[in-house]
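Below are structures written as C-alpha cells.
Next come two complexes, and both contain chain A; in the first it sits with chain B, in the second with chain C.
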Partner chain A sequence: MHGVKRVRYSREALEAKKQKEQAKLKEYLSLNDDVLAKRNAGDWSKDAFDLTTRVLHANAEFYTVWNYRRDILINSIFPNSSPSEVHDRIGDELSVTTSLLKQHPKVYGIWNHRRWCLANIPDGPSDTDLDGWRKTIWNKELYVVEKMLDADARNFHAWNYRRYVLANMPMKRPAQAELVYTTRKIEANFSNFSAWHQRSKVLTSLWEGGQLDPHKSKEEEFDLVKNAMYTDPGDQSVWIYHRWLVGAGNAYDILQREIASIQELLDEQPDSKWCMESLVFYKRLLLRHHARQLSEADRLSLTQECLRLLTGLQDIDPNRRQRYEDLAADVKKIN
Partner chain B sequence: MDVDAVVLGSGLTESIAAAALSKAGYKVAHLDVNPYYGGDNASLTADELVSWADERAAAGPSNPSYASAQRTKFTSISRSGSTLPQSRQYSISLSPAIIPSVGPLIDALIASGVSRYGGFKLLEKVAIYTGPGSVKPVPGSKEDVFKSKELSLLDKRRLMRFLMFAAGDFEGKKEFEGKEHTPFVQFLHQVFSLDGQTAAAIAYALAFCVSAAEPTLPALQRIRKYLRSTGRYGPSPFLVGHYGGLGEIAQGFCRTAAVSGAAYILAHNVFSIEIPSQSEEGRKYKIILEGLDESLTCDLLIASSGYPLPEFPRAVTNDSTDNESSNIHPIARAIVVVDRPLSFSSPEVPPASTASDAEGADTEEEEQTPQKQELDTALLVFPPSSLEGGSSVAVASVLVTGEGSISAPKGKWVLYLSLPLLEQTTRSAEALLRPYVDATLSLTVPDSASPTSTQPLFTLFYIEHPDLPPSSSAASESQIPSILAPLRSSTLLPEQADSATTNAETLFWKAVSALKAAGRRPKRRTGEGEEEGEEEVEVEGFWPPLDIVDDPEEDW
Partner chain C sequence: MSSSTSKLLIPLHVQYIQSLGESKDDLLYHLTAHLRMNAIYWGLTALNIMQHKDALSRTEMIDFVVSCWDDEAGAFGAHPDHDAHLHATLSAIQILIMQDALDRVDVDRVVKFILSLQQPSGVFAGDQWGEVDTRFLYCAVNALSLLGRLHELDVEKTVGYLRQCRNFDGGFGAVAGAESHAAMVFVCTAALAILDRLDEIDQETLGWWLAERQLPNGGLNGRPEKLEDVCYSFWVLSSMSILKKIRWVDADKLIGFILSAQETEHGGIADRPGDQPDVFHTHFGVAGLSLLGYPGLADLDPVYCMPAKIIERMGLRRDWEALPRKTE
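So, the complex of A and B:
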C-alpha cells in the first residue's frame, strides 16, 4: 500500500521461515503422491476420504481431488447412509467449502462443489415435507453469497453464484429485494460493473413483469447515475450503465435532457474524456433517430459539435487517437 | 546501578525513545515520579483522574519540583463533586488522540513489535456542528460524497475534484502555485469554488485546521496524509487505541523496553544529580533517588522540558527550530462522562417505495440502518462561530469514546472536549467550554424511560499549557548536566501521536551520537551457555529487525 514501510526481519527469522516452508513442501508432495495412488487404485474408503480433505485444504484448486472426493461420496458414503445422514454429510461439505472460500474466494472448484451439494440434497425431513431440507439449505446459500460479496463486491464468481441461487431456490425471492441489494452495493462503491449489471437485469425483469413502472423507474435511475457521474466522471461502469438506460435513443426528450446534463458536467470538468465521448455518441443518436425533428441548422451544428469534440478527444486521449479520427470520418460521411 | 542512559518521565515520546535505545542494545534506566506510566499522556482510572486533578488544583510551594511544574502546566481546574462507580473500568486519557492508519506511530508499533500488545478501534464517524440540534456528516470518501443527500451535484463534483487534488502530488500543480501561505479556507473558495458548510467540513474536520487563518500548505499536507490512510484498516483513516489510547501505547513501549533489559523505577523522585568526582565506570552522571539507597550512574540524561529537576533549572530558549510551534497553544479541556450515547443522525428520510415493499417480503435482508445510529467512537467538530457563546476564532472538537475502545464500562461514554486558546483570555476553562458541553449533550439519544435532558455523571475542566521549548545547547564541558530533550509534540488531535514518534526518532539518533561521543556503543548478547558474552554492534536503524515472522497461514 502507498506509504507503508516494509518491515525488516532478521536473517535468523527469514531462515527459520524458509526451513518451515521446506518441511511443508515435503509433506505436500507426499500427500500428493498418496492421494493419486489411492485414486488410481479405486480406493473409496473413509481414510481415502479424509486424505482428500487434507489435500484440498493444502490445494483447493486440485480439481482431480474434488472429483475423487465426490466419487467416494456417491459410490461409498451415500449408498450406506440414511437420508438424514446424507443431509448431515451435505451440511458438512458445505461447511468445508465455506471455510475454503474464505481463503480462496475465486477458485472454480470450490464453487462447483457447492453447486453439486445443492443439487444432491435428499428429500426430507419427512414424507409430508419433502422440500424442507432443500428450502433451508438454499435459503442459507443466499446469506453465504452475501458474506462473500461483502468481502469482495467485485467477485464475479460470487455474482454468478448469486444469480444461480436466485434462479433455482425452492422459495423464490421477490425481484424488488434484489433491486434493493444492488442499490446497497452501488452505494458502497459504485465502481462495480457486476452490481450495475445485476441491476440492469433485475430492472428489465421488473419492467417486463409489470411490477415497476418503467417510466418512473428510469427517471430514478437517471438520477442515481447522474449522482455517480458527477461524483466520479472517470468511472467507466457509470457511463456503460447510462448508455444502457438511454438504450436505442428513441425518447427524444430524454436524449436532449441527458445531453444537456452531460454538457453541464463537461463545463465543470473540461478534461473529462467520458463526457466528451458520450456527448458524441448521444448526439449521433439524435442525428440518426430524430433527424426529422431537427432543423437543417440544428443538424449542422450537431455535426460540428461532434467533430469538435472528437478533435478534443484526440488531444486528451492520444492512445485512442486513431479511433477518434475514424469516428470523425464516419460523422462527416453520413452527414 | 550502571547504565548508558537514564530517561526521566514516561510520556509517549520518552517511552518510544527508551524502547528504541533498549532494543538497540544500550542499557537504559527509565524513571517516572508518578506511580503510573505515561506521564502527561497517561490513561487513568476514574479515581486516579480525580486525584490527579485535585493534586494540581491544590495550592503548593513554588520551589522547582515536578508538582509545582504540573500546577503551572494545568490550571483553571474545576470538577463536579461526584464520584464514578466502576472506577477501574475507565481508562481516561490525559491526551486524547486519534492515530492515522498510515504514519510514523503505526510504523513504529509494527517495527518494534509493540503492536502485539494492544488493540485499536476504528473511528466510526466524523461530523461538524451546524446549529442547535443539527449536525452534518463529513464526507471523507467517494462513497460518502455519492450517497450524500445534502450536497448538490456541482458541489459533489467540486468536492471530489478537491479530494483527488489533495490526495495527489499537489506541490507541482498550478492550482497550488504561490498559494502556500494563503489561508486555507480562502484557497478552497478561490481555487475550487467551495464554500459554506462544505468548505468548513474540509478545513476543520478533514484538515483539522484550528482557525480560518491557517495557511494552505500544512493543511493540504495533513489532508493528504489522512486521505492516504483511508482503507488500510477500514473506511476511516483514524484509529483510537484501547485502554485510553496514548497512555496504553506508552506503556506498551515501556514493556518492550523492559523485555530488552531496561530497568523501570516508578514513584521515586530525583533527589540530586552529581558529576562524580572519581570515575565510576567512567560515567558522567550519578543520580540519587529519594527513598532508594542505590544510585544510578550513566552517560546520558533524557527528559522532556516539562520534567523539571531539582537544583537544575532548565535552560530555555526561543528556539525557532522547535517544529510546528504555530500549532502549540494552551488548550482548554473538558472530560465529561455520560450514560447516554450520542447520535449524529442526519435528517434523512428512509428510501422510498422500492425499499419498503421489499422489506416486508424479504425477511432475510439486513435491517435498515436505524434513524438514530448510536455511536461508540466518533468525533464532532465545532467550526469557529458555529455555536452561540463559543469561540468565533478557534475550532473545538469533541472525541467520543465508549465501551468499544475498552475505555469505559458498558453504557457509559467518555467525551473529551478541547478548544485551543489562540488569544489571551482570563476566562476559566469551565466558562469557555460550558456552551460546547451543553451543545454536545443535546445530541445524546434520549432514554425513553426518562426523557429529560442528559445530565453528565462527571465533569472535569482544566487548561493545559504547553511545555517551554527545550534549549538546543549541549553543554558538555559545563558543570550543569546536559539533558537531552525531545522537541514538543503537536497538540492537534490527529497529529500528536505521529509527532511524538518522529520526535522520539530524532531523540534516539541524538542519543546514539551523544553516547558514541562518550565512548559507548550498544551491546548484543552472543553465544549460548558457557560461551555467552557481549559484542558491540552498530546501530543500523531506529528499530532492529523483528525476530519472529508473523505467519497468518494455518496448519493443515
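So, the complex of A and C:
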C-alpha cells in the first residue's frame, strides 16, 4: 500500500466504519464468489462477461478475473462476432481500461489488458485496407498515454507503454517527433528524469540511424543541459544526463570544456555537491584516458584537486562519506 | 521522533503479522486475495528474520499453499481458485522451503511451467497471458535455482535480455529500453548474481546510482528526484550488498527512517511515517534492517530474499556482504 495516510479512530468511530464497510464487504464477497464459480464452471456467457466488468471495477488487480474475461472474449464473444463487431468490442475494452487507469494509473493488469487488446485488433475494415483499424486504434493510443503522462509525468507504467506503442504501431512515427515530446516534458520540469532517460534512448537511435549529426546534436544537448544546471544545480536528473553526454570521455576538448564550465558554476555556488561530484568524476576521466596529453604538473594538480574535492564532499554530503573515502583511496592508489 | 520508535518493536510486529489472517471481516483482506501467497511469504520471511518463525501455524500454512495448486497449469496461484502465476509460484516454493516441506511440490511440473514462460528474447512472462518483465525473469531464475534445476535454463539467452535492460546510469529497467528503477535493479542484479554473471554490471556506476537514492531524511527513493519509501530500503540495499557497496549509504540515518515508519499501536511498518502499515513494507523494512546489521535480527540473504542460514544450508550462497550485526 502506498501513500495511504494512517487514521486514528476512536472505538466508536471504528465500529461505525466497520458497520458501513459490512455492506460493501458483503457485496464484494458475493461478486467474488459468483465470478469464481462461473469461471470454475467454464461459463462463457454474456452474464459472466458483465460480471467480470463489475468485479474489475471493484478490484482492478484481480488478475484471474482479467484472464477469465479474455477467455470469454476469445472463446465465446469473438468467434460469434463479425470482424466489425470484434473491432467495436476492442474499442469497448479499451474504454473500460481507460476509465480504470484514471483511477488506478499504476496497476500492471490494466496496462497489460490494453496491450492484449492492441494485439487482437482484427484485419479490416476491408480486404483492400487490412491495416486500417489497427492504424487508427494504435495512433489513438499515443494520445491516451500522453494524457496519463500529463497527470503523472514520472509514471513508469505509462512511459513503458509509450515505448511499446511507438515500437509496435503499424504506422511508425518519425523518431524526431519523440525528441520534440521529450523536449516539451523536460522544459515543463527539468527534474523529470524519465523524460531525460527517454531522450537518451531516442537520440541514440537517431544518431545510429544517421538521422541526426551526432556532433552537432550533442552540442545542442550540452547547451540544454547547461541551461538546466544553472537553473537548479541541485537537481540530479540533469547531472546524470550530463554524464551520459560526456560518455567514456574520449573527446579531450569536450571534457576540458565541460570541466571548465562546471568549475565556473561551482565558483558561483561553492556548496554545490553535484558540481563537486561531477568534477571529481570528469577529472578522473582525464587522468585515466588522457594522461599522455597532460604534463606531470597537470596530473599532480588534477589528483590533488580530486582529493580536495572529495574531502569537501565528505563534509557537505555526509550520507555518502564512505563512497568519497573509497574514491579518494582509489585516486591515491592510481596516481 | 518519539522514543517509542527508536527501537524495532519486534513483539508488536509479530502480533501484527499474526493478526493479518484474522481480519476476515475487513474488506481490504479480500481485496488483496490475489496477493495472498506473496503476503504469506512476506510475513513468514519477516518472522524468520525477527527470530519468531513459529508464530504462524506451519500445518495451516502448508495446507494453504497446497490448496493454491493449479493442476491445469502445473504451478501455484496466489489463492485457491486463482490462476497459476510465476510470482505466486516463487512465493510458494520459498514458503515451502522455509517450512521444510518442499516434498509437497511436483517439481518436474513446476520446472516445466517456468521454462515454458521464457520468450524468444530471453525475458519471462508471468503466465500464459504474456505480460513480460525482468521481475518475472528473476522469479524464474530464483525458483529454478531453489529447485536445483538451474542447469535447464538457457543462461545465455537470459543474460542477453538483462544486458538489453541495462542503462547508461548503470541501472536496469523493467523491459529493454525502460528507465532504471531500484526494484528492477534488484531483480536484475540478483538474477545475475544467481547466474554468476555480475561481470555484466558496471559496478562503479551502479554503486554511484544506488548511493544517490538516499535522501537527506535517511530514506531511500527508487529513482532520481522521487520520494523515499521503506520498500526501497530492501531493493537498494540488497543490490548494494551484492555489489559489496552497502557502506555507501548512511546506515544509522536509514535505520532511523525505517523505524520512524513503524505503527506503534498495532504494529507493522508503512511506506513512510504516518501512513497505513502493511505486510509488504513490514517485510521489506525488516529485511532492510537485517542487511544494515540491526541488533537481534537473523541474517537475510539479499539475493534470494530468504533467511541466509537456509540458503547457506542449500549450498546456494553467493558472494555478498551485509553490515556486521550490531550488539544491543
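In this section, the second predicted complex is superposed on the first by the 313 of 335 C-alpha atoms of A that agree within 3 Å, B and C clash if a C-alpha of one lies under 4 Å from a C-alpha of the other, contacts with A are read in each partner's own complex, and residues count from 1 in each chain.
By definition in this document, a residue touches a chain if its C-beta (ideal position, glycine included) is under 8 Å from a C-beta of that chain, and two chains touch if they have at least 3 such contacts.
Please read these numbers as outputs of a predicted model, since none were measured by experiment.
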{"item": "Which superposed partner A:4 touches (first chain B, second chain C, both, neither)", "value": "both"}
{"item": "Touching partner for A:226 - first (chain B), second (chain C), both, neither", "value": "first"}
{"item": "Chain B versus chain C as contact partner of A:76, first or second or both or neither", "value": "neither"}
{"item": "Which of chain B and chain C A:265 touches, first, second, both or neither", "value": "first"}
{"item": "Contacts of A:98 with chain B and chain C, given as first, second, both or neither", "value": "neither"}
{"item": "First, second, both or neither for A:320, with chain B first and chain C second", "value": "second"}
{"item": "Partner chain(s) touched by A:112 [first = chain B, second = chain C, both, neither]", "value": "second"}
{"item": "Partner chain in contact with A:40 - chain B first, chain C second, else both or neither", "value": "second"}
{"item": "Partner, of chain C and chain B, that touches more residues belonging to chain A", "value": "C"}
{"item": "Intersection of chain A interface sets (partners chain B, chain C)", "value": "1-5, 8, 58"}
{"item": "Touching residues on chain B, where the partner in the complex is chain A", "value": "102, 107, 110-111, 142-143, 145-147, 153-154, 156-158, 160-161, 228, 231-232, 351, 354-355, 357-358, 361-362, 364-365, 541, 543-549, 551, 556"}
{"item": "Of chain A, residues touching chain C in the complex", "value": "1-6, 8, 18, 21-22, 24-25, 28-29, 32, 36, 39-40, 58-59, 61-64, 66-67, 70, 108, 112, 115-116, 154, 156, 159-160, 163, 167, 191-194, 197-198, 200-201, 235-237, 240, 243-244, 318-323, 326"}
{"item": "Chain A-facing residues of chain C, complex", "value": "25-27, 30-31, 33-35, 77-78, 81-83, 85, 127, 129-131, 167-169, 173-175, 177-181, 207-209, 211-212, 214, 216, 218, 223-226, 229, 245, 247-250, 253, 263, 265, 270-271, 274-278, 280-281"}
{"item": "Residues on chain A engaged by chain B in the complex (per definition of touch)", "value": "1-5, 7-14, 16-17, 20, 54, 57-58, 139, 142-143, 173-174, 176-177, 179-181, 183, 187-190, 212, 226-228, 230-233, 265, 268-269"}
